[in-house]
Structures are given as structure tokens and as C-alpha cells.
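Each of the next two complexes has subunit A plus one other chain: subunit B in the first, subunit C in the second.
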Partner chain A sequence: MNFFLELVTAGISLGAVYALVAQGYNITFWAVRVVNFGHGSFLMIAVMVALAVVNAGFPLWAAILAGLAVSAAMGYVLELVAVRPLMRARMGMGWVVSTLGAGIVLQAIATDIWGTNTRAFPAIIFESTDYVRLLGVQLSAQLLLAFAAALLVMVLFEVGIRATLLGKAMRATAADPDCARTMGINIRRMISLAFVLSGLLAGLAGILIAPLTGIDPAFGLELMIKGFVAAVVGGLGSSGGAMVGGIFVGLLELLVGGYVSSAARNGVVFSILILVLAVRPQGLLGKQPEIKV
Partner chain B sequence: MRASRAVPWLGLGAVVVVWPWVANETWTMLALLAGINILLAQSINVLTGYAGQISLGQAGFFAIGGYTSALLMIETGCPLWLSLPAAVGFAMFVGFLLAIPAGRVQEFYLAMVTVAFGLVVQVIVKQWDLTGGFQGLSGVPAPVLGNLSLFGIPLGERGYYYLVVLMVVAASWFQVNLIRSYVGRAFVAVETSEIAAASLGISPGSVKRLAYTISAGLAGLAGTLYAHLMAFLGYETFSLWQSASILVMAVLGGLGTFVGPFLGAVVLTVLPHKLQAFQTHQLLIYGALLLLSYAAFPRGMAGFLRLQSSFLKVRPGPIAIAEGRSSAVQGETIERIEKSGDAQVPAGAPLLAVESLQKSFAGVRAVNGVSMAVSPGEIHGLIGPNGSGKTTLVNLVTGVYRLGGGMVTFGGERIDGLTLYQVARRGLVRTFQSPHIFRRLTVRENVIIGAHRHFRSGFWPTVANLGHAVAEEGEMLHRADRILVEVGLADRAQEQAVDLPFGMQRMVDVARAMMCRPRMIILDEPAAGLSEVELAHLGGVLRTLRDSGVTILLIEHHLDFLLGLVDRVTVLDYGETIFEGTPTGVRRDGRVIEAYLGASANAQS
Partner chain C sequence: MKWNALRTMAGLIVLFAVWNGPVLAQGKAPAGEPIKIGTTGSMTGPYSEYGTGMRKAADLAIEFWNARGGVLGRPLQLVVLDDQLKADVAALNVRRLIEEEKVALILGPSGSGPMLATVPLTEAKGIPQMNVMAQTLAIQYPKGYDNPPRRNVFSVAIPNDAEAQNLINFAWKTKGWRRLGLIHESTGYGKTGADLVVEYMEKELKAKPVGREQYDQKDTDFTAQLARLKKADAQVIISIGLGSDNATIRKEMNRLGITAPLLGSAGVIAAQYTNLLGDLAAGTYGSLLSTFVDPAKFTPAAREFAAGWLKKFGNDEYYGPDKEPKIYLAIQAAYFDGANIMIDAVRRAGSTDPKAIIGALETTDYQGITKRHRFSAQKHQSITADDLDVLQYVKEGGRLVLRAPK
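Showing the complex of A and B:
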């Protein structure tokens, strides 16, 4: 029973981080119906930069800020280089190829600078050996921190997008760009902002999970795809769906890993993506969109 | 083919034939790998370059082909001539399964699915004892081991080389025939606009599934050839990185061109091997190519050759305009009614009947209980102020939107609940407010797509260029030319349709709908943006069409144009029918005048 509860709490915590990744897709999906296929490398670069800053002797908080700043900036550049030119040329699926390419370039650069070895990332606030005992279950403090931080960010994000003027402008842009433009909203800036926020969430997710897993140039790929699964299971474009989907993926992964085999867990999680799209493409909380002619 | 054009091809063929006798071991190996890579690049080209779909999991199909053939031979002693088609067939089957959601989801969902698929295949290959797990699968029958034979003849390294060449040639021939057929044109149509394709009776879901199936088959074939070349299969080969490399070859070579995959595959097989700098920075170079080339040079290396690809089986010349003008189309459509299996209606019954149709968008009632009946053989006008629900009504009737209530019958059959392409297949064809031109296609190719639902040749006769498939294509082309004469586009037949001025694009749209041999055409504001001359011409075309038995529902703001053409007219306002009757009646109707001019305006129009 304890084993089960441990898996469940760890799964939920991990799932919250996946939700952050999925939310990163949602934001750009709202803005331009684009999902960053290089998202994994954004996670990785944020962590790598933070680690480099720590190793240069700066405090951890400064390192984390630096990592987040870099991933946000990469979001800005990605939109400029890999998305905007293709949108202008109306090249249907070109952005899948170009964002994937951006991810590979970043991975190549990281490999060049830092090599392919897995490196440890320092624990944040707590020690990696800190545990909390709750109802007889041992919980890793680091994992709980990840859960709390991810949850907090998701809530803040939701409040921000609903309550602030900027958030309303973003939602307006998502709903109808042409109409938003006539209301005096700078569409281009909104789209840039969406990619900056998406990059920021990627960096955050990376930094929350890095103390648990360590970091190498290929680190983001798996997280990126689990983020896909989370977003699709919940319904792409739905914040609540990202949370539900993320937790579902986290739970599934750890329960399969704990009771079936650790080798099968990724296979099962990735297969879920294929299954959900075949059966319920709009996801659990998504709505079936009506096409515009 | 003229002799001067044949020389380089013969030269190239000779080089390919003598290659294994003059090249050393390294270069023979490179040629073999290039052949396999050509198939892989082609697998992306068919999918992405023509059908506009994408796969980031080609390595998965590559693996399935390789392991299936290898395991069949190792475990069951199956001969190569059987294991090869079995492996290709299995890869195609998996590709089809993976593309099942294709009809319902946006393309990039399938991009995600293919990423996941590629990784799942790799996980399975890595974990499964049967596939050799971590150690890999060794002892795959291969020329280097001296245990591969075809039909009892031992295959040496040269023999295997010729097998690969044969496969590449066969696959390329198959693809050319496919692209130059109604199937290939449907691919390109879906790539440009799914909704326009569906309005002509093409099922976008089926097209995408077919594209994925063919793509998987080509990658599976490459995998099979790779397995028996290497004698060993390891899970590392089938990574996401491999899938990305396949994408790079196709993108660099040039998507949507025939030569592209050859160029991309050969360059990226030879360069990494011969250039040390290329090898050390391969990841960076490949990433940069993916990142930039799609925007910078979308047709890749092939784009610099400026080749014009054809999508027709037969090479047509200019149209002889001497053929009798309007009688051509008249004879044409009358022939249609006799032949077509589309539903007929009993005398007196309407062809299209709409009853108490409802549709709301987020609480706004766009269509609120509209009823309308269109009799066979008439031109029926549908008018109303902006936002009165005309286009929504058309979208409901043709299955673009789901109904909020009410029912639609066409030729006595309920058609509400059907989707756009199913409606079109029943002989109810529509156009859109803005012309939906299929780019990359000529005017003639654009028009012949309209005949998609009438092609009877099966898939295999079409890709094998059997006589009756070619003859059918010729017949359809003849019909397309006659329609082009009728709408006045004969001298523009060979031009790229997107380069035409707006008014002519509109006529291409109308011509394409005519090519569909419909029972009924719905034209959504065909006169918008046309000059007076073009307008008069359009009016003439519509009358001829009506006289040949095609029913027309005409939505138009240009009232003089519309009222001069129609037999009956329906007027909508705020989603409700406010008038149905004759064109003379509508000019005098109080409610109509009020809707158009406001309550206090004088009763004249």
C-alpha cells in the first residue's frame, strides 16, 4: 500500500511538471496554432545555462533566473526565425520541420559545449536526500517542491490570463486575430509574447525536474513527448486539460514502471498518445472545433 | 523523347549499370546506401511533398521493414522473394493503422503521433528478445555472409546491388505514375485545401491514410534492403535522429519534385562520408537545414533546376478552339444525366429540400428555422443582407457544419449528417466565396480534379499505367478541355492557375465544379469581383449549364445579375426566410425592401 501511495504522489508531482510542458504548447497553440517541436531542447538549454552559471560561482537563484531568461529569449528568437517566415509564406506544416530543426541545432550546440555526459544539477532549496513523511509515506522534498511550484505557476498563469488586460489581449488574439487587430492590439507582439512565455515555461519545467534526473543534451526529448501526451490527453489548448493530462501521464508512467516493468513505461506512455488520437482526438477536456470557411 | 534529351539519361543509366564493376568496395557500398536513402527520401516526398502530411517517425517504418524480413528469414526460413513483399506489406499496414485518426485531426497531431510511434518502435526493438534486444540482431541473411539468394540464385554483392537498383527504379516508376493520376492530384488538392478537395468528392481522410500507407511501404522497403545489406540490425539505427535525417534528405533535395529525393539522398550519403568537417558537425548542419531551408528554399536543390512537374498521365497540347463552343458543354452534360448514377427525383418533387434548419454559434442564432425547396432544373437564387445566414445555410446543407436542428434531403435522400465529400459524391457540388485554387497545378489540372469522383480505374492499374487507366485519363482530359473552351479559358489551359487574374480564377472554380458532373451546383457569390464583361460571360455559362439539366443554387449580392438569371428566389434575413417566390415578386415585397433598405426607405430598388 505504501509503495502504491509513494508511486501515486510521485506520479502526481512529476505530472505537474509535464503539465508545465503541455501548457507551453497551449500558449503558442492559442496564438498561432503552432506547437514547438524543439521544446525539449529549450528545457535542456535552460538547465545547462543555469548549471554553467552555478559552476561559475554564482548563487543558485541567480543561475535559475539566467536559465529562465535564456529560454524565454530563445522563445522570442524561435518565433522570429522558425515560425514567422513560414506563416507569411503560408507553408502549411513547415513550422513542424523548422522548430524541430531549431531543437536539433540547440542540441548540437549543447553537445559541442558541454559534451554528452549526464551531469548532476544541484538540489533546489532542499537537499536531494530530504524526505517528508506524510501518512506513513516517504516523499521526496525535491519532488514535492516541483509539484508545488508547477501548481503555483499554472494557477498564476490562469489568473494572469483571465484577470489582466494583457491576458485578455492574448485571449482576444487567440480567438480572432483580425478582430483583435482592429481593437488596437499589437498582434505581432502578442505572438512574440506567447513564444516568450512558452520558452519560460519550458525552462521552468526543465529546472524543476533537473535535480531529480540530472542533465545531458538529449534530456529534453523525453519530456517534450510526455508533454505532447499530456496536452493531447487533456485536450490541446485547455489549461485544465494540461493539468489533468500531465498528472495522468505522470501516474501512468510511475505505476507502469512500478508494477509492470521500468522498460515498458515510456513505451506505454507514448502509445497512449496514439490511442487517444484514434479514439478521442479532442482529448478529455478539449472541444471539437468547428471549421471556418 | 528526342535523342538529345535521351543522351544524359542513357549515360546515367550506363554509369549505374557498370558501377559495381568499376567502383571500389567503399564506393559500391556508398551507392547501395544512396539507393536505400533515395527510397527513404521518397517516402517523405510522397507524404510531405505531395500530400502535405508529415512524419517524424520514418525510422519506425524503416525498422519494421528491416526486422520483419530479417526475422521471417531467420526464424521461418522464408525466402527473400516472399519476405520482402511481406515486410513492405506489414510496414504499409502499420502506416495505415497509424493514420486512422487522419480524417479527424489537424496534421500536426499526426506529427506528434509519428514521433511517439518512432520511439515506441525503438523501445520495442531494444527490449524484445526476438529482435535481439540490446545486442542487436545478427546473422541476417546477406551477401557479405554469402547466405542470401533470390529464386534459388545466390546473391553476391553485385547481384544485390542490381536488386537495389531494380527496387529504386520500380518504386520511382510507381511514384511517377501515381503522381500523374487522379490519386496524385487528390494528394496535391488535399495539401492545398482539404475543404476545397472535399467539396469535389475527395475524402481528405482517405487521401491522408493512403499517403501514409505508401510512405510507410517505401520506408519499409528501404528497411528490408538495409537489413540484408548490413547482415546486422541494432536498435541505435532506428532513433528519432534517423527520422530527422530522412526528413533532411527530402527537404534538402526538394519536396514535391521527382528529382529531389535523388539529389538529397546522394548528397547526404556521400558528403558525410567524404568530408570530415561535415561528419563532426552533422547534427548542427542537419538541424540548420531543417530550420532554414523550408523557408529559404522550399523546393530544395531541385528548386534551382526550375523543372515544371506534370500531374497528368498524358501530355496534352494546346486546345483547338474550333470545337463548337456552347454545344460542346451542352452535349457533355446531357450525356451526364443519362450516365450518372446520382439520385433522380420523381416529377414535381424538389431536388433539394431544406426543412426548419437551425444553427447557433455561441448562442447567436445564425440560421433559425429556414425552409427552402429547389426544384430540379431551375436556377434558384438565395439572397439576403450581410449576416443573414446565407453562407451558413450552404455550409449546413453541404455538411461543412453540423446541424443544430431540421433536415436536408437531396434527391429524396437525407443528407444531413453527411460530410462535405459525401455530399459532393451524391452530386451536390459547391464553390466558395473566395476561389479555392490548387497551387502548383495548371488550369487544366485544376479543372480535371473536378472529375475525381468519376474515375473508375483502380489504384493498381493506375500506378501501373495500364492501358485502360491511361485511356480514362485521356477521356477526362478531353472533357476538361471542352469545359475550358466553354468557360473561355482554353488559351490559358497550360498556365499555373494561381497566376491567373481573380476573375479567371473564379471561372476555374466554376469549371471545376462543372467537371464534377453534378446534379446540382451551389455557387457562393460567384459574381463578386467580376467585371461587367466577365459577369455577362458567367451568366451565359450558368444558363447553358441549367439548360443541360444541372440545377443551380446561386447566392449573390449583385441583384440585377441574380434576378436576371433565376427562376425562383429565396430571401433570408436574420437567419429566417422572409420571402420565397419569383424574381418579379421579390422586387415588390415589403419585407424584402425593409430588410435591404430599412423600414423608412421608399419602396423601390
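Showing the complex of A and C:
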């Protein structure tokens, strides 16, 4: 029972972080049908900046805010430099390459500034030795914090999108940009906002994972891929899908790794991706795209 | 006309005398086309401490030789390329070293993956190659000990089987543990290291580990693997992997509340391990060369090497902050030995012809820092389990140091 609960805690916590990454993909896809293939570097830049600020002597909370601010700003820059020019020129899928390239450039800049050595990120509130007792089982406090934080952010995002005027404007932009424009909504600002939020979510996901493992400029690559799998499995563009997809991938990875074999887990996760796409291409919670002729 | 020619001749003679005079007078400075030693290793990247250490040790060795007239009167030159411990990049680098730089000797690369990717090429070209860091046996002995080794590859590195014996002897005989858990990285180094541990246990102790798990380098999560070992009630977790991954494993062990200690291969005796864990590293055991374990037992050669390192590089991350060198300066000593053995072989061969150098390497009897290295036509590797120790990280006076465990 112990063993099972350990796997489930880790699976759900990791899954919630994958969900955050997936949501980052979702926002931009939903707003302009663009997926940021350099997302991993945004995860990374937030933690590298945060670490630099901590090492400069500032408190951890200030460092985290600084890191998030930088990754959000990078989202804005990405849209301006790598997405808008290509959308304007109606270059089809050119943004795939440009966002990927932006990610590589960001990684190279980080490597230039900080070198490639792996560094330790300070523990946020809880150390790796802190735990909570639940049903007689010792569960890591760090993992539970990651889960709680990710869940909170997703809920806040959903509430914001539905209840605030800005949220409504974003939904209008996503549903029908031309109509939204005639209603007086500043489309350009909405799209920028989408990318800023995407960068923010990426940064947050990175900061939640960073204390668990070491960080370096290549950090974020594995999270980026698993987050993408989560987004696609849950349904690209669907918030609920991101959460379901993320937790599904996280749980699957841990349970397969625990009960079958640690070598098999990545293979199984990607096989499930293929299976879901074959049976239900729009993802578990995604909507079948309607094309008006 | 004749007068002009005479003047030009005189001028040339004077020029020649002035140019070469100092050299001719000294008679010792190496001159002529340099003999190139090529090396490729992880100079940058998460495993950069292995490659950078190799480069520094090679620099030190070459400086020593060049100060004493070089080899065959010619200076030595190190050509360094970076592969970040990536096998495909290492293979490209070696190709460049052989074909463009025309090196006479190859040192490294660091790591089994890159080594295995490069030995077919060096073997085909017959260029002598010294393995200084990679532990997989197939590098020197592709068909096992019962068959001849690769003619051009020699090793001063710790072989996986010697290390496996060292680890198991410590766990089973010294500590009396019976439920041994095993975790390893999915590379050649990790897999063969784990295979040998299992083989040694079955052959010598008629026992099996209670669990065998694997991970990919730079994985972010180890919960599944460690939870399985915890479920199997392992008394110790033996890890075949590198510093930064072992640090993540150690943290995960904490999160799962695993009280069994971590016993690592040489990869855990790394600056990265303590950099990433700080005090959490205390209690971890690791296997390493015994060269610098006890200051009272340092050989004169070891002392001289340490002094030379301190003088050239200062208290860097390999030497450490104290007067006495850190225990894992022994790794750099192994690199130093490797470079010296190759250069000495060129001297004994009397030429840079690869076949001659290989012939000389096969008659090596060289008193190095880590041990007295002897090679022969059949014996292309030097380190055995007797040269290894198991050490433990302990907190002493507010700092983390390596000590022989009680």
C-alpha cells in the first residue's frame, strides 16, 4: 500500500507540473493556433534567473518573482519577434521553426552567461527530507507543494478566463478574431497577453520542479516533451484536458515504472500517445474541429 | 655582381647565426615540428569536470616534458576538442584529430559511450589511444579477457570489473549487508557496470541483488526505481552513474524516506555531487583509487604531482581548498599517468610511427602516480581491485570531506 501511495503521490505531483506545461502550450494554441516549440527554454530561463538573483543575496521569494517576470517578458518578446512577423506574412507553419529557433537561442544565451554545469536550486519552503503523514504513509512535502501550487494556478486561470472582462475578451479573440476586432477588442494586445501568460506558466512549472533535480541550460527539455504529450492526450486547447492529460501521463509513467520496469516507462507513455491519437485524435477532452466550407 | 652576392651571403649567414644562436647555445629547448597529442572530452556540459580535469592533467604532463627538451627533441602540443560526453560528437572529433590535425597520440575521450564510439576508428587507423577514464571492458577487450585486446588501445582507467569487485567486497564482506539494491544509468558504462556486479555476486557469493533498476542520464524523476528498491527492503543502494544524477537520486531517497545508504561507483566521487547536495552528501560511500586517501601514505611521486598541480592551477576544484590535496585528485593523477605513459612510449620507440609506439606501449613498465603500470601484448589495462578503496563523505569541522570508513 505504501509503495502504491508513493508512486501515486509522485505521479500526481509530476502530472500536475506536466499539466502546467501543457496549459502553457494550450494558451497560445487557443489564441492563435501556435504551439511554442521553444517552451523548454522558457522553463529554464525562469529558474536560471531566479538562481542568479538568490546567489546575489536576495530572498527566495523575490528571486522567484524575478524569474517569473523574465519568462513572462520572454513570452512577449517571442510573440513580437518569432510569431507576429510570420503570421502577418501568412507563412503557414513557419512558426514551428521560429519558436524552436527562439528556444535554441535562449538556451545558447543562458549557456554563455551561466556555463553548462548543473547547479542546485534552493528548496522552496520544504526540504527533501520534509514529509507529511497520510494514511500511515510518509509523503514528500516537496511533491505535495508542487501539486498544490500547480492545481491552484490552473483553477485561478480558469476563474480568470471565465469571470473577468479580460478573460472574456481573450475568449472572444480565440473564438473569432475578426468578429472580436469589430467589437473593439484589441486583438494584438490579447495575443501578446496569451504569450505572456504562456511564458509565466512555463516559468512556474520550471520553478516547481527545480528543487527536485539540478538545473542547467538544457533543463526543461524532458518536461517540455512530456508536457506536450499531456497537452495532446488531453486535447490541445482545452484547460481541463491539460489537467487530465498531465495527471494521466504522470500517473502512467510512475505506475509503469513501479510495477513493470523503469526502462519501459518512457516507451509506454509514448505508445499511449500514439494509441490515443489513433482512436481519438482530438485528445481525451478536445473538441472535434469543425471546418466550415 | 659578385660583390652583391657576397654581401647577401654574409647577411644570410649572420641572420642564421643570430636566429639560431640562442637555440644552438642552449641545446635543450625542443624545436621543430611539434608532436601533437589529441584529446576530446566533456570540456563543457553537466559532466565538464571529467573533461576539464583530463585537459589540465595533460597540460601539466606536456609542460613537464617540454621543460626537459620535449620528446625526440621536438616539443609536445595538446590539441583539445569538446564533445560534452556525447558519443557522436566524440567520434567526429577523433576523425578531425586524426585526419586534419594529424595527431600522433590520442588521450581519452572521457566516458564509455564516447570511447566505444571512437575505438573502431582509431583501431582502423592504428593510432595509439589511451583510455584514462572509461570503465567499460569492451573498450580494450571487445571479445572478453580470453581474446586479444585491441592492439592500439591501452587503459589506466578503473575497469568496471575491478570496481564491481571493490563495491561488492565492501558491501558483503566489510559491512555484512546481504540485501543489495542496484541502480545504474542506461549507458554502456552503467549497463556493463551493473552486469559485472551481478556476475561477480553470482559467481563468488552465489547471491543476487534484491533489485536492479535503470535510469537515463539527466532524468528528472527517480521515484519508480527507488520505490521498487525500497519495497525490496534493500540495505544499501549501489549506484553506477555520474555525479549530478547521483545527486538527484540522493534527494529522491530522502523524499521517499529511504534510510539505506548510497554506495556509488567512482562517478559519485565528483565535485558535482557535493556541489549539488551540500551537507546531504554526508554518509554516501564511493569507490576510488587509494592514491590520495591518507596523507601519511602519499608516495613521493604523488606528493610531487600534487605540488606541481598546486603550483600550476592553485587551489582549484580538483585540488581543493586545503594544503593537502582532495582525495579525488587521484582521478587527475590517473590522467597524468596516462599522458606520461604515452609520451614515454614515443621516447622509447624513437619515432612517431604508430606501429613503433604501440610496440613500445606493449612493453610499458612505468612507475606512475596511481601505481606501477605494466602492459604487455595481452595485458592492456593496469588498474585492479587492489588499487581501489571505498571512502565515505563525512562532515568534519563544518565541511564535507572524504574518509576511509570505520
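Quick notes on this one:
Criterion: the second predicted complex is superposed on the first by the 291 of 293 C-alpha atoms of A that agree within 3 Å, B and C clash if a C-alpha of one lies under 4 Å from a C-alpha of the other, contacts with A are read in each partner's own complex, and residues count from 1 in each chain.
Here is the rule we use: a residue touches a chain if its C-beta (ideal position, glycine included) is under 8 Å from a C-beta of that chain, and two chains touch if they have at least 3 such contacts.
Not measured: the values here are computed from a predicted model.
Looking at the shared chain after the overlay, A:60 reaches neither subunit B nor subunit C. In the superposed pair of complexes, A:8 makes contact with neither subunit B nor subunit C.
Of the two partner chains, neither subunit B nor subunit C is touched by A:187. When the shared chain is aligned, subunit C comes close enough to touch A:262, but subunit B does not. When both complexes are overlaid on chain A, the residue A:107 reaches subunit B alone and has no touch with subunit C.
By the touch criterion defined above, A:117 lies against subunit C but remains apart from subunit B after alignment on the C-alpha atoms of chain A.
When both complexes are overlaid on chain A, the residue A:214 reaches subunit C alone and has no touch with subunit B. Of the two partner chains, neither subunit B nor subunit C is touched by A:166. When the two complexes are superposed on chain A, the residues of subunit A that touch both subunit B and subunit C are 111, 263, 266. Within the complex formed with subunit A, the subunit B residues making contact are 48, 52-54, 56, 98, 100-101, 104-113, 115-117, 119-120, 123-124, 127, 191, 195, 240, 244, 247, 251, 281, 283-284, 286-292, 294-295, 298, 361, 391, 395, 400-402, 432-433. On the side of subunit A, the complex with subunit B involves touching residues 33, 35, 37, 81-82, 85-86, 89, 91-94, 96-98, 100-109, 111-112, 221, 225, 228-229, 232, 236, 263-264, 266-267, 270-271, 273-274, 277-278, 281, 290-291, 293.
Contact residues of subunit C toward subunit A in the complex are 44-46, 48-49, 84, 186, 213-216, 218-221, 223-225, 227-228, 230-231, 244, 247-248, 251-252, 254-257, 272, 275-278, 280. On subunit A, the positions that touch subunit C within their shared complex are 2-3, 6-7, 10-11, 14, 111, 115-120, 127-129, 131, 138, 140, 142-143, 209, 212-214, 216, 218, 222-223, 253-254, 256-258, 262-263, 265-266.
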